[in-house]
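The two complexes that follow have chain A in common; it is paired with chain B in the first and with chain C in the second.
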Partner chain A sequence: MTRQDIEKEVRAIFLREFEVENPEPDVNLREAYGFDSIDAIELLLEIEKFLGSELTQAEKKKAMDIRTLNQIIDYIERLAEKRQATAETK
Partner chain B sequence: MTQRRVVITAASAISPIGHGREQIVESLLKGKSGVTTLREDELISRFIHSRVYGTVSYPIAYDFARQHRKTMGPVSYYACQVAKDVLGQAGLPGDFVTGGRLGIAFGSIHGSPTVQRNIYKIFFEAKDKATYQGIGAVDYLKSMVHTTAVNISKMFGITGRIISSGTACTTSSQSIGYGYEAVKYGLQDAMLCGGADEYDTITVAVFDNLLACSTAFNDHPGQTPRPFDRARDGLVVAEGAGAVMLEEYEFARKRGATILAEVIGFACNSNGGDLILPNLDGITKTLRLGLENAQINASDVDLVSAHATATKMGDIIEAQATGAVFGFQPRVVALKSYMGHTMAACGAVETVMTLYMMQDGFIAPTLNLEDIDDRCAMITHVRKLTEYPVKTAAIQNFAFGGVNTSLLIRKLT
Partner chain C sequence: MGITILLWGYFLFGYLFILFFLFIPCYVRLKSSDAVLQKLFHIHLKCFFSLVEFLAPGIKFMIPEDVRRLRSSIIVCNHISYLDPILLVSLFPRQTTIVKNTFFSVPIFSWFLRKAGYVPSAPSEMYGPAMINHLEGIKRHLAAGGNLFVFPEGTRSHSGKLAPFNKGVFSIARYCNTGLKLVFIRHTNKLFRPGTFSFQTCEKNTIALELIASLTPDYSADQFSISTVADQAKLIFERKIAEDRRREDAGS
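Right, the complex of A and B next:
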């Protein structure tokens, strides 16, 4: 899964779930698009569906500091890498 | 304690006979019923004997942003729309709306049953994690009992007090009554008050199983409910919403607001006994307490909007209580005959319709009242469209649980 794949999916989620078209990558999502705590919870569910695996409580808590689209992509990228590494050691 | 005068400066309703003043007045003038055939829900509707429902069957052009829609179940769509209507009509300054002196009194009988049903479907059927995750993070916000009030608060940035009664059929009459008291005693300068309920077959099933629903007119929905009529056979559940804006009189006058009427009194009591059966003593006391609170005589009231659900006993008890308190002086209309029982919304919807009649100088007749039950004959029923300059009206509502309310409004001269 490339960073471009992740970005494409996140943008699709933003359009489908939050009616935000082409969000700017580095703006504060709350200030620019009214993205709030409820949206953040919904986003985590969408990320779980995208990754095909459940997020741990610790992983979810790390998401609470996210403010921008790029940070979301970074966050998913790390989760994907972690899951890839786990899969390879099995 | 200082008592201030309280006036109504805006009113709107979404009802089975129309949305807003123009449509509703037209339906009242034309004697149009909003009762239609019960929709199939592919769950329990096929077992319900009563096949009629007071339905909002016309489209409503909502224009709510996603950030608001995401916490709204169907009941909040109705609530926020009538709230938007009255805020628009009242024309309160923006800084007042958000400044803390405007509060909200708004409720529903139990939030959003549509959303609750989806939650419980997962509760009973979840076999894996993916299904469990079908319970959305916002489902509680959409379905909780005060969902209407807080969604209104969020959408319009209203920061005053929140009152969210959930007393079944007296929910919104309490909203107006408690809003009136909040303004009267200086706790708020204005209150947005009302109630809403969405389409729900479970409510029909509950009344159906209590043998309280109409079943004899399933093939002729417009002929039921039949308040005070000898052939009445029960209530018809309905959906809708109603809202009024209450303001302190001097505040409204100074800002040049249109004043529709003054709220002059409110009373609420409970029967302290049976939770289902209507109680003559309790209802009679409520009506008397309302007059006492308004500091007027029974003879000052020229219109009574009866609760009149068209149940066998309920109508008789209400007619007896109304007759004992008011005699034949006021004309009595049963507005549920047009639309059925809008549940939590009924007090507000019927207040809004009473205001419209007061403004336009007419009294709509009780629909389907062809043969007055002798046991309901001790009051003056309105049986034909009547031109009449209504000055003072009493709006009566009674709820399961033994809760009774009486609201009195007067046209300013």
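Right, the complex of A and C next:
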């Protein structure tokens, strides 16, 4: 899974779930688009679906401090790497 | 007027009695505040509505078994009176809800609410890691057989028309992987009208609850969307309100 794949998916989620078309990568989502914590929960559940695995409570809590699109992509990238590393060690 | 004073007296002093004579001894013994307080609130408000029926024989309650038996459910309701939440508390021994932030600024009462595990709607409480803690708490509450009831309009309707639905409850249901029970509330606003302090106990009135739909969204579906579920729920309530209005117009 490349960073481009992740970005494409996140943009698709924003359009489908929050009706936000092409959000700017570094703007504060809360200030620019009124993205609230309930939206953040929705996003987390979509990320779980995208990764095909549940997030731990600690991972979820970490996500609640994310502010920008780029931070979301970084977050998913790290989760995907972590899951891949875990799968390889098994 | 006398009945109103009696009802308010019972309602307010009942809470003080619960605090000093029931809650503290139970808390010391059981160490779990939320379940104890929810049960005590339930008993107190059950007695409150029995008192309403006793003092005002013209007031009837029609609560069907399928509503009374709801457990481990997320209950979505229309909101027409301040009586709605307390009526729901009187029905379910384990219950929680999302409470308007203004109630959390009332001394003593706010302490009660927090200890009972009710969730404040304040942005500061529903933001960041605290949000996850609240959601995990709701998940445990549902698993233990409790209900979460929510008014997605966020405020009481003065006109009888539905206000736009806040989609928060639908996101919570998805987070908890739970379906939704839609319960329609009728005529609580005739007993306790918005904007007044007195109970309208002289008018004949039947307060009724009805389970109008059970939604079990497929959260794993590729095209699943929270907005679609929220719209579907709102449409069901709107149809019910229109149906009720037609029936009332035909009857009058």
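In this text, the second predicted complex is superposed on the first by the 90 of 90 C-alpha atoms of A that agree within 3 Å, B and C clash if a C-alpha of one lies under 4 Å from a C-alpha of the other, contacts with A are read in each partner's own complex, and residues count from 1 in each chain.
Here is the rule we use: a residue touches a chain if its C-beta (ideal position, glycine included) is under 8 Å from a C-beta of that chain, and two chains touch if they have at least 3 such contacts.
Since we're looking at a predicted model, the values are computed, not measured.
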Residue contacts on chain A - larger count, chain B or chain C: C
Touched partner set for A:M64, first chain B, second chain C, both or neither: second
First (chain B), second (chain C), both or neither touched by A:E42: both
Contact residues of chain A, present in both the chain B and the chain C interface: 36, 38, 41-42, 45
In the complex, chain B residues that touch chain A: 65-67, 70-71, 129, 133, 136-138, 141
Contact set on chain A toward chain C in their complex: 16-17, 36-38, 40-42, 45, 49, 57, 60-61, 64-65
Complex contacts: residues of chain C adjacent to chain A: 123, 126-129, 131-132, 135-136, 167-168, 171-172, 174-175, 219-220, 225-227
Partner chain B, residues of chain A touching it in the complex: 18-19, 34, 36, 38-39, 41-42, 45, 48, 54
